[in-house]
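Scrolling down, you'll hit the structures one after another.
Across the two complexes that follow, chain A remains constant while its partner is chain B and subsequently chain C.
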Partner chain A sequence: MAQYVKKDDDRDEEEYSPFLGIEKGAVLQEARVFNDPQLDSRRCSQVITKLLYLLNQGETFTKVEATEVFFSVTKLFQSKDIGLRRMVYLIIKELSPSSDEVIIVTSSLMKDMNSKTDVYRANAIRVLCRITDGTLLTQIERYLKQAIVDKNPVVASAALVSGIHLLQTNPEIVKRWSNEVQEAVQSRAALVQFHALALLHQIRQNDRLAVSKLVTSLTRGTVRSPLAQCLLIRYTSQVIRESSMNNQSGDRPFYDYLEGCLRHKAEMVIFEAARAITELNGVTSRELTPAITVLQLFLSSSKPVLRFAAVRTLNKVAMTHPMAVTSCNIDMESLISDQNRSIATLAITTLLKTGNESGVDRLMKQITNFMSDIADEFKIVVVDAIRSLCLKFPLKYRSLMNFLSNILREEGGFEYKKAIVDSIVILIRDIPDAKESGLLHLCEFIEDCEFTYLSTQILHFLGVEGPKTSDPSKYIRYIYNRVILENATVRASAVSTLAKFGAVVDSLKPRIFVLLRRCLYDNDDEVRDRATLYLNTLGGDGSVVETDKDVKDFLFGSLDIPLANLEASLKNYEPTEEPFDISSVPKEVKSQPLAEKKTAGKKPTALGAPPAGPTSTVDAYEKLLSSIPEFSSFGKLFKSSTPVELTEAETEYAVNVVKHIFDKHVVFQYNCTNTIPEQLLENVVVVVDASEAEEFAEVATMPLKSLPYDTPGQTFVAFEKPEGVPAVGRFSNVLKFLVKEVDPSTGEAEEDGVEDEYQLEDSEIVAADYMLKVGVSNFRNAWESLGPDFERIDEYGLGPRESLSEAVNAVINLLGMQPCEGTEVVAANSRSHSCLLSGVYMGNVKVLVRLSFGVDSSKEVAMKLAVRSEEESVSDAIHEIVAN
Partner chain B sequence: MESCPSVKNILLLDSEGNRVAVKYYSDDWPTNSAKEAFEKSVFTKTQKTNARTEAEIAMFENNIVIYKFAQDLHFFVTGGDDENELIISTVLQGFFDAVGLLLRGNVDKKEALENLDLILLCLDEIVDGGIILETDANVIAGKVASHSVDSGAPLSEQTISQALATAREHLTRSLLNV
Partner chain C sequence: MLLAVLIANSEGNILVERFNGVPGEERLHWRSFLVKLGADNLKGVKNEELCVACHKSVYIVYTVLGHVSIYLVGKDEYDELALSEAIFVVTSAIKDVCGKPPTERLFLDKYGRICLCLDEIVWKGLLENTDKDRIKRLIRLKPPTDF
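Then we have the complex of A and B:
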């Protein structure tokens, strides 16, 4: 073997490397040997290896250096040494010469392409195709077409693979080769078949019929290479996916082929087929079973890669078909102790998804052992899985909450701790029973919490939730301890939390005032300021009086002005005699729909942003509406819908509507955005035609004075409706406004405008608008406690449906109620399903619904609806909704 | 998943995470520092695992990385996260075994650096621009060795099958030596 560098004399050198002390300048000097009239091929090879080594280590050559090396390398084509020639090919590819340089080597490479030596031919094709451009390609096209059907598989593969790359840059040329490629698909050489199939599919991928034909013929024939077989499986699932639209019933085409591949001798093919089956649209349990069976076998393989592949696929299946995976649970449990932590984590999260209520405790015990020896990033995955498990089985909150509090006490980084705290907060929010124990766990955590951010967030949360508990006084000790022991940031937030307790719980006031007075001597400004403010506003002068609502709102109410607007107004404020007037800040919410979309798309962020949570958007709406005098007499807002788009995306004017439901009124809030920079809209109103909504009568319209470019604004229309009646109807909307041209350079609008209007889509008030989604933690208890007095049961035929789950979702959406205990998920292929719903109906009446569905062979769905509520009329109303 | 299986990179690192030879086929890591950061994170996270008898697997930044160690050499092959793990694993095994053949069983960093030309040619024969060229170690080693072994002999007369035979002979020899 070649020795590049003289053996280093210093034998003591810790690590010997032939490239020790290598230096770019010196190697470039050495490259001059390429120009010698008498070529020393071995020496040249060594120098090229050194150059490649430098490039590989991340060294870069300047343009001049690269050009120089390239030109001298081209001289080496004179040598007949095959080894050297291979190195020349490599370095040319690495140098990626520019198109004017390519010309120099083109003829040499073309000569090699037609040489008698196959190694030359294959490599010359790959190099030439890598560095070529379109014009050159037409010159060599003839040779490439020949090469594709060459009897030497290496040459054919080289041409085919080059074809795959060239298809990206010169598709029209490569598409002309399809006859040759088709011939190559029939090749006896395994890899040629693989490469030919890949290229042929890419050439035809936009021609559905051709792909379908290709799949049909090949699935019947013999495909030799496992890789080609994997490709064929992928193409087959593509064909299945595209044909499923027009094939409602009967057996899936090609399913038999996929199933047959499960018995292939190559594991890669078996796995590809199993995965393809699990990813089929609307796969049935019967179709899934054979795939799950082979994946289960892989779970106990000695090869980590196989176990990983299997458990990862099963994990995905568990999201949609948890029941299908339960058969693997025993194998999965043994994987919890797998050496490979990725496999163990996937196994655990799968088990958490498929486990039933009774298995939770046992599973938690196993996980506890496992948690101590995995990395934080895996722990976060597990914590997330446990949170969703707890929401699924609220009755099990005790053991799950205990688990979370235990791991909260153990060592861990910020992200991990934050994930746990977030989970506990979400559980406290969603499971009322878990509130007290959860809050205490959080209190204990802040006793010994090294993260300021988490401490302040928890203190804030305590201030919100703590005063509402049965015994608020027990939290005071934990909070005041923070004032004594922590840094200024945490102290300040502890002071605010104390004040919140004082404001809400009158019996605690005297003690809170004592504590707050001590804070007046704190050595931090902010802490002292806060304490002073609270003492003065809450009446800390000794008299224990009920705190005014105004004071509470001032101190703890959320700011009803968008912070961005406030910031803008403060920036514009010039220091004068006149004080800054906060009421002059515009309340119009800028780009609110955008923010809402974001929060809707995200999971509840828990601690991070409580004011942005779903409940507080209602608060924000309520504030907004009550600030408009015309609507202030409407009473309490019952429900605000999510925004419904009334325009297509990317139109001139974007409008969405939020429906606000009051007892006797309905208010449509139209959020409008003007997307044309050259226009200013004025006097924007939505003219609503309520002729298809007989019970509604328009009472007020609030036009929007001006709608400049890209600044969202709102206009409102209010309707009166009979009190307590869930009136429904359809409304057609037209946006009317005055358009003024705006000079884009100055931003000034012209004096005169033109009246114009813009047709919007219709909006609707439906029965679900009168229902609030409110979950219950224990459906059975809630159901029993409502009692059978106002129970109404009836049966309905829903007619033929696409699937059972589609029917279940349709009913849930119709009623607009909150599904409980994960019953909205229908197990695949089941013939019947029960679903539990809860909600609060107009007039604050609690409603619970039990739905039993059954489906027969002709997809006719029947449903039994049992309703319990606090009022008879409401139970009847629910039935009426369904009956209509 | 209608696309052709593809490899994002192949890495051969030493026992301290330094490059012996690497080859990237994807634009996911546009700069050398991005590449080095990826190598460092992959190396540190896999370092303590035992990937000597069977190839191991891990996920990084939405990629699958399959790896195997021999002496002071760490072999890695990366694919996208929806790639068939077993295909990536076959590529790794092909690379691993081919290097074993080419280095005649002496798979360590010193030997690999001394025969870096063979390693680079080997990479070149396994994957071309992300597309798998060949996964059979004997064929890969055969293609590489055909013009490097015995460069004194009139090579133009040596055919692929002869080269293959040489490679096989090496394999047997290395097996016997173990």
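Then we have the complex of A and C:
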């Protein structure tokens, strides 16, 4: 190197850096040596190295600087020095010159591309393909096609990898090379085959038949590199996925190939095959076993990468087939103490999914030790897994809730604490027995909580749930402590919570008044205002009290207007004599963010949503529907389904439907998204044909005025149906709209539009739509307490089934009830199974179901169905659903 | 896609940083994330012993070689196993160029060569060459011997 600068005189020679004090300006100056008539190759190489060092450190060159360096670099093609030439190839790629500058090197590169020296050719191809545009590409296409089938593997690979990159920018040109690429797939050179296979698949990925042919021929032939083998396994899974629909015979095509790959000598191939098998649609336990066995072996590998890969795959399998993974539990438990925290966390979350009820306590003990030394991001994963475990085994809520409260007391960041609090809140909602202890844990937490957001959310939740407990007075101390000790935001929340207790619990009212009066002297406006307001509303200041119902509506009711609209109206309000009128705020929901689509199907987020109903999404929907005058008379919303997609993924318009069930009505909420930036849709409606749903009569349609690009909106169609009857039917849907062209540069739409329509999938109302999934914490107690008065028992033959597990799932889905105590999971190879279900049927009638299944050698499944409910007619209705 | 190849010295200063398909504004985040990952986990790790992590849907395989630490980040088909194949190629090429597990000084002395090796191994996020002997010849523009 040219001049080494010393970092520190005292240090050993090792410490000198050849690049110490390197400075862009100086290096650019040095680059002038490229223009010397007598080139010093060694010095030029050094300068290029410095340029590379700068670029690799994230330094950028301005357009002028890059151009100047690029032009100088091109002079170096005159040098015959091989080492320098190699550096020149690299630096040109790194400088990525603009298309108007490229011309200066193309002739040199074209010359190299036809050079007799193969390695010049390979490099020239790579550089040309990196800097080329479409017009130049057509000129060199001929050479590239030759290069693909060149006998030198370096040249062939260079051309093939170039092809993979060029496919993104110039697909129509690269697609013309498929014959050559096809030939290269048969190459004896391992890497050429790998690159050719990747390119050929990309060229033909939309041609199912061609991919299938490719897979068939290669799975029979020889694949030379493990990398190519992995690709082939991936493409094979794709073919299996697409063909399984048509396959009637029962044997899965290519399974033998995948299974054979489990015995390959490269670990990479074994894993790829094992993953492919575990991800097969409707994989049977017989198919799974060999894959699980090899993965189990890797759990005790000495290499962390292999352990990680194994536990990651098993973790995924555990989500769908927990029973299949139980055989690995012992190996998995030893991974809890793995040095690598990713491995340990994956092991724990897998164990939490596959463990049985009796092992929960032991597992929790192990996890407690582990939690203290992992990062928050891992802890959040564990907390989420524990929450699901608790919902699965509600009887174990005590130890799980204790665990959560213990970790809540320890150090941790906001996201982690929020995850714990959310979990406790969800458990309180779903497991009634856990309510009192859970609320106390939350109370203790806010005594020493550094996060204002969490404190206010918990106070809000406490205000709703606390007054309904057996002894509400014990929470008052915790709440009032907040008024004394916390910041203004928390104090204001505490005042609201106190008021809620006062409104609901009459015996506490006088004491609440005393506390609220003390808040009148708070030094924060908001706290004082709230205290005054609530004292006035509750009658604590001796004034005439409003009716009890009004008070509760005021304290607990929602605003009934979208917050965004309220915010906008308040911003527009100019301070005048005239007070702000809340009724002037529009109630129409303009558009809901995309997030709604993603979260709607999941568990409700704990604290954010209002807590009243069994599921909080229902509340959000209820609010939305009641804000629409046409639907406000429909009464109480019984159930809202999860969104059902009516379009395939990645179509022009994405539409899903949420079915809202009322006593006498059904409302279809169509959530529409326009994915074309150049279009604006107006007057969007869904025209529904209900000819296959005889009991339904359309009563109202709410069109969507405007549907701009990527801003989801809703349109509604309402039907009347006979009261209290679980009517079923099929509805065909067509999306109709006025489409207007949008200028992408200005975002403005044209004045005139064209009417158009778009066929959607059919939607259905089925029996399960009239059932709410509501779990019970102790099925046996619940069953006994319902009593045998309205018990109905009958037996049914379900005919030949693919497996027992499939039959169990089919019945669960048919009834739409909540499986209890993990009984939805069928043990592998078992001949009989019992399943417990719970739910609330239309009309708010509690229903419990006991299912006993048996399967014979010819896969005929028989089922005994025992139903208990609060009403005889409902028990009968459940049997009718199954009988039909 | 092989999203990043990053090589740092033992203090966490970047020596080589090559990103593919990672937006400019995310690079700094990745750099600090990887360096922290190494600081937390690479103490006491033997030369070429692989460590692994995942962050959302992205995989990271990293190791120590002499006084430098090497990180590879990938997603989709470049999962932990493909990355460990790639990192094996990178470490063997560096050892080959330096003659031994390098000190920082030796690494910087051979900087140009190492850049050429990386250029042969990874090309815009795709693994191109995996054989160290071939790479050794290719960076000197010598034809491969094995065909």
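Here is the rule we use: the second predicted complex is superposed on the first by the 587 of 884 C-alpha atoms of A that agree within 3 Å, B and C clash if a C-alpha of one lies under 4 Å from a C-alpha of the other, contacts with A are read in each partner's own complex, and residues count from 1 in each chain.
Keep in mind that, in the parts below, a contact is a pair of C-beta atoms (placed from the backbone, for glycine too) under 8 Å apart; a residue touches a chain by one contact, two chains touch by 3 or more.
In this text, all values refer to a predicted model and were calculated from it rather than measured experimentally.
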Practice prompt. Put chain B and chain C onto chain A via the superposition and say whether they clash or fit.
Written response: clash
Practice prompt. Check whether A:S17 is in contact with chain B, with chain C, with both or with neither, and answer first, second, both or neither.
Written response: both
Item to complete: Tell me which partner A:A189 touches in the superposition: chain B (first), chain C (second), both or neither.
Response: second
Item to complete: Pick one for A:S342: touches chain B only (first), chain C only (second), both, or neither.
Response: both
Item to complete: Answer with first, second, both or neither: which of chain B and chain C does A:K151 touch in the superposed model?
Response: second
Discussion item. Taking the superposition on A as described, I'd like to know which of chain B and chain C A:V699 touches: first, second, both or neither.
Written reply: neither
Discussion item. On the A-aligned overlay, A:A862 touches which partner chain: chain B = first, chain C = second, or both, or neither?
Written reply: neither
Discussion item. With both complexes superposed on chain A, which partner does A:Y235 reach: first (chain B), second (chain C), both or neither?
Written reply: first
Worksheet item: Should A:R42 be classified as contacting the first partner (chain B), the second (chain C), both, or neither?
Response: first
Worksheet item: Can you list the residues of chain A that meet both chain B and chain C?
Response: 1, 15-19, 45, 48-49, 52-53, 56-58, 82-83, 85-87, 90, 93, 117-119, 126, 130, 154, 157-158, 161, 164-165, 191, 195, 227, 230-231, 234, 267-268, 271-272, 303-305, 308-309, 312, 340, 342
Response to the item:
Given the complex, residues on chain C that touch chain A span 14-18, 27, 41, 49-54, 61, 77, 79-82, 84-85, 103-105, 108-109, 111-112, 115-116, 119, 123-124, 126-131, 134, 138-144, 147
Fill in: Contacting residues of chain A [partner chain C, same complex]
1, 13-19, 45-46, 48-49, 52-53, 56-58, 82-83, 85-87, 90, 93, 117-120, 122-123, 126, 130, 151-154, 157-158, 161, 164-165, 189, 191, 195, 226-227, 230-231, 234, 267-268, 271-272, 303-305, 308-309, 312, 340, 342-343
Fill in: Complex interface listing, chain B residues touching chain A
1-5, 19, 21-22, 32, 35-36, 49-50, 54-59, 66, 84-87, 89-90, 109-110, 113-117, 120-121, 124, 128-129, 131-135, 143, 146-148, 151, 155-156, 160
Discussion item. List the residues on chain A that touch chain B in their complex, please.
Written reply: 1-4, 15-19, 41-42, 45, 48-49, 52-53, 56-58, 60, 80-83, 85-87, 90, 93, 117-119, 126, 130, 154, 157-158, 161-162, 164-165, 191, 194-195, 198, 201-202, 205, 227, 230-231, 234-235, 237-238, 267-268, 271-272, 275, 279, 302-306, 308-309, 312, 339-340, 342
